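Dropping a structure here in structure tokens format, bear with me for questions.
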Amino acid sequence: MIVAGRKKEIRTDIGWSDASSITLFGKDFVNEILGHLNLGDMGFLELTGRFPTAAESRMFNAMVVTLVEHGITPSALVARMTYLGAPESLQGAVAAGLNGLGTVFVGSIEGAARLLRDAMPEPDANADFAGLAHAAVASFQEQKRIVPGIGHPFHKPIDPRTPRLMALARETGFDGPYLKLMTAVAAEAEKASGKVLPVNATGAIGALCCEMGFDWKICRGLGVMARAVGLIGHILEESRRPMSEEVWHSVEAQATAHMKR
Amino acid sequence: MIVAGRKKEIRTDIGWSDASSITLFGKDFVNEILGHLNLGDMGFLELTGRFPTAAESRMFNAMVVTLVEHGITPSALVARMTYLGAPESLQGAVAAGLNGLGTVFVGSIEGAARLLRDAMPEPDANADFAGLAHAAVASFQEQKRIVPGIGHPFHKPIDPRTPRLMALARETGFDGPYLKLMTAVAAEAEKASGKVLPVNATGAIGALCCEMGFDWKICRGLGVMARAVGLIGHILEESRRPMSEEVWHSVEAQATAHMKR
Amino acid sequence: MIVAGRKKEIRTDIGWSDASSITLFGKDFVNEILGHLNLGDMGFLELTGRFPTAAESRMFNAMVVTLVEHGITPSALVARMTYLGAPESLQGAVAAGLNGLGTVFVGSIEGAARLLRDAMPEPDANADFAGLAHAAVASFQEQKRIVPGIGHPFHKPIDPRTPRLMALARETGFDGPYLKLMTAVAAEAEKASGKVLPVNATGAIGALCCEMGFDWKICRGLGVMARAVGLIGHILEESRRPMSEEVWHSVEAQATAHMKR
Amino acid sequence: MIVAGRKKEIRTDIGWSDASSITLFGKDFVNEILGHLNLGDMGFLELTGRFPTAAESRMFNAMVVTLVEHGITPSALVARMTYLGAPESLQGAVAAGLNGLGTVFVGSIEGAARLLRDAMPEPDANADFAGLAHAAVASFQEQKRIVPGIGHPFHKPIDPRTPRLMALARETGFDGPYLKLMTAVAAEAEKASGKVLPVNATGAIGALCCEMGFDWKICRGLGVMARAVGLIGHILEESRRPMSEEVWHSVEAQATAHMKR
């Protein structure tokens, strides 16, 4: 329950507009942003309040592009099924699909970023990565929590997106201490569990979020903005070749068969 | 009510994956997409199933970037107020904010695109733009409907984003018949109403959606994907300098003052 | 686009509270409402600003209870699939499920109520029901719109809920002119189409909403409040005997089979 | 990340229907439920799979009625602001409003229920309530977590809903060990903090959920179903006497004043 405190200031620094101009993050939107930034750069601007460098633009766009689309996922099915009932509210179908991006799926980006930040609050190129990783994994095991950002149910033994993200990180200069720590965490978790658990895409992205200085609390936001893009594609396909009605009837029939006997 | 028909195929052409690869829209995601497309390009891919040309990339990114952020809007306030109650569910705050992107705000892109498509189903460089515009505006007036995509409550006399989008359209070769028709519609509406009603940003974007061949039913999707990016920025700011609790208490006090007397 | 007008009053008449009391709709919540009204009565209070009579309580509760649950529906599947990804946000799973209650499903209550109100703006026990129904059905046919509130894809020839709702309407005195008109509309639609199209549950509820004097714009709200109750049951079952992960994998396999060949 | 396991059964026990009947929770919906249960009873049926007794009906309806409405709250403002942009999607406005019912507000019901269940897994009329409360409060303090279900920012010193709920609990026989333990927790927290922290409405409801045997994971659901009812009232009022546009412009002006100077 929130305690009503003393009157606080109502203030934004994001932007304002008047009759002839729009100012966003201190920039003239029309002349300095529009036509200069791509959609991913705009996301970077929202998260940092400044324009990305060329390297940041390349890396950040790759991070969010990774999260746009993965075919038929629960969030895609949710968007399609919602569109079935409310085709006049495309925004509602996307909203419904985003609601499932919680702790189980996209939340692992956040989990990985938090683990890394807790283990190494400030980036340190000379840190004892193996030692930090050992302590982090031990702490997760003690609390019986799953180490986030490693292993993948389908992509085995290696999530194919990870080496590509790592290569892009090297190319753009973002292969820093947090990526090293994430790799050490995966190695440590493999040792502790005896399973093959390499860094997955969300682990790599969580580490890259740390490299870019993002607060772990907002890392889930990369997945949310990305998936909003992907869900539009699913709704478009659903409008042309629908599957959700058939899915509904088929699940209903299967789920109630035992009662109809 | 939906009529249960015969069994239909459950099929997607968006993508699939196996242990070592992800295929999206017929492309090898890891090697052909990741690191090659920016987030806006990825949106274009979702809408068309193919990669954008350089000109398409530039124009499409500008269209969506236009819709990312406009400071304190109802959707931004909704996301912030939702985050106040459920800070653990960033995705829920974005979902809530997107729910308001209906007919009143972002829907005008869809409205403009639909008006243009209805007036000129196929692009025709030699069309009688003034004549088509006259008929379209007359039809809207007859039905007492507001012509979408023209005029703006704040940005007067001209929405500053429009000339910039028009310039980018000329630069990229998208200044085709639908933009001409949109301009003619605005001129016709000004004549019919006696008011200053130039093409606004949503009108320009609606026309550009037609130039790109998008179905009007999906045009609202550009606003939805864009605003998802912008809402992350508002949630981040709310987490650092909150305003929603103060807004709540202030509105509550004002709205109930007459009962407390 | 909304035109920013002159400053308007910010005011609610729903309720307010102070340190020791809560006043809702002019009543002392603790002493006059709590323990006296059931949840359906509370819905009636929200819609009318007054307590229901015994007959109104009985009829209104039956109307909303009708809409709570219908087994595996798209909204139930959406809530379950959302819960799979975000089990920590039960509210997000319900929100996602509600998003699909648009024009296709629950919207037919609204459609029926609107048709009836348009045909007979004020209740008139001596109206020419057959004549009004004939005109209404003809108008829908002319516009190639489906007449709402009649026929049902599963429940054939008769939606079993309708006779029960009709009996309750007689019992409570709500079998007035709007129910008569709805019945006449169904008869007229059957005549015009040659199909068996009796009043379905949403048609009966739409008519009862008119009998109770509700604005057609809010009628969808009965379905929304009711389904929120039902979705909790589905989320509870999903938490105990999950189906959504299996549905996901099964749909994914089926939908991508043609690409994997 | 979810591990794809072996094929699981897709099954529901909630209900099914055929052409002439609807079966819910093993009951004939039309003849045994419709006209017999009120909306709150229907919620009880969803949570327990059985009909409530008269005492359960009275107590459960009071619990949910408590949570329907509290005037201008963040969720009410969110629903109103969403309706401003998408008046055609009433369901989207409710969905948006529900998204904020997270850990901060309605989550305290869940928090209280969980605390009580953790402290006393099975109801025990002869438990050492003071001792259990002491241990529970000490554990929360150690983890620097706020004890849920006690104190209130506005309703001081006593949440007026609590004594009424307690009286109803005595009347219906639900004043059992969990309510005793909740009272002991409040007393213990008061002792430990030196503040006045009596059981609030969410604490009482959380305890009553335990008395009724509900899993703590579903307790938030009572708030969600209840608030869906209340939000309909706010949307109806917003449609008649809107405040959200004025709130938007007023907040925007205030929040950007420092940039416009």
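Here the chain labels run A, B, C and D in written order, and each chain numbers its own residues starting at 1.
By definition in this document, contacts are C-beta pairs under 8 Å (C-beta built on N, C-alpha and C of every residue); 3 or more make two chains touch, one makes a residue touch a chain.
The model shown is predicted, which means the values in this text are computed figures rather than measured ones.
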Pick from B-C, A-C or C-D: which pair repeats the contacts of A-B, with over half of them the same residue pairs? C-D
Check C-D against B-D and say which one is joined by more contacting C-beta pairs. C-D
So the centre of each chain is just the mean of its C-alpha atoms; given that, what is the distance between chain B and chain D in Å? 36
Please work out the Cα centroid separation of chain A and chain D, and write it as a whole number of Å. 30
Just the number, please: Cα centre separation of chain C and chain D in whole Å. 23
Touching two or more other chains, which residues of chain A qualify? 2, 4, 10-13, 15-16, 18, 71-72, 84, 86-89, 91-92, 95-96, 99-102, 104-106, 154, 243, 247, 251-252, 255-256
Per the contact definition, I'd like the list of chain C residues that touch chain B in the complex. 1-4, 10-13, 15-16, 18, 23, 86, 88-89, 91-92, 95-96, 99, 104-105, 108, 151-154, 200, 202, 251-252, 254-256, 258-260
In their shared complex, at which residues does chain C touch chain A? 71-75, 77-78, 81-89, 92-93, 95-97, 99-107, 243-244, 247-248, 251-252, 255-256
Complex contacts: residues of chain B adjacent to chain A: 2, 4, 7-22, 24, 29-31, 33-35, 37-43, 45-47, 57-58, 61-62, 64-66, 68-72, 84, 87, 89-92, 94-96, 98-102, 106, 154-156, 158, 160-161, 164-165, 167-168, 215, 217-218, 220-221, 224-226, 228-230, 232-237, 239, 241-243, 245-247, 249-250
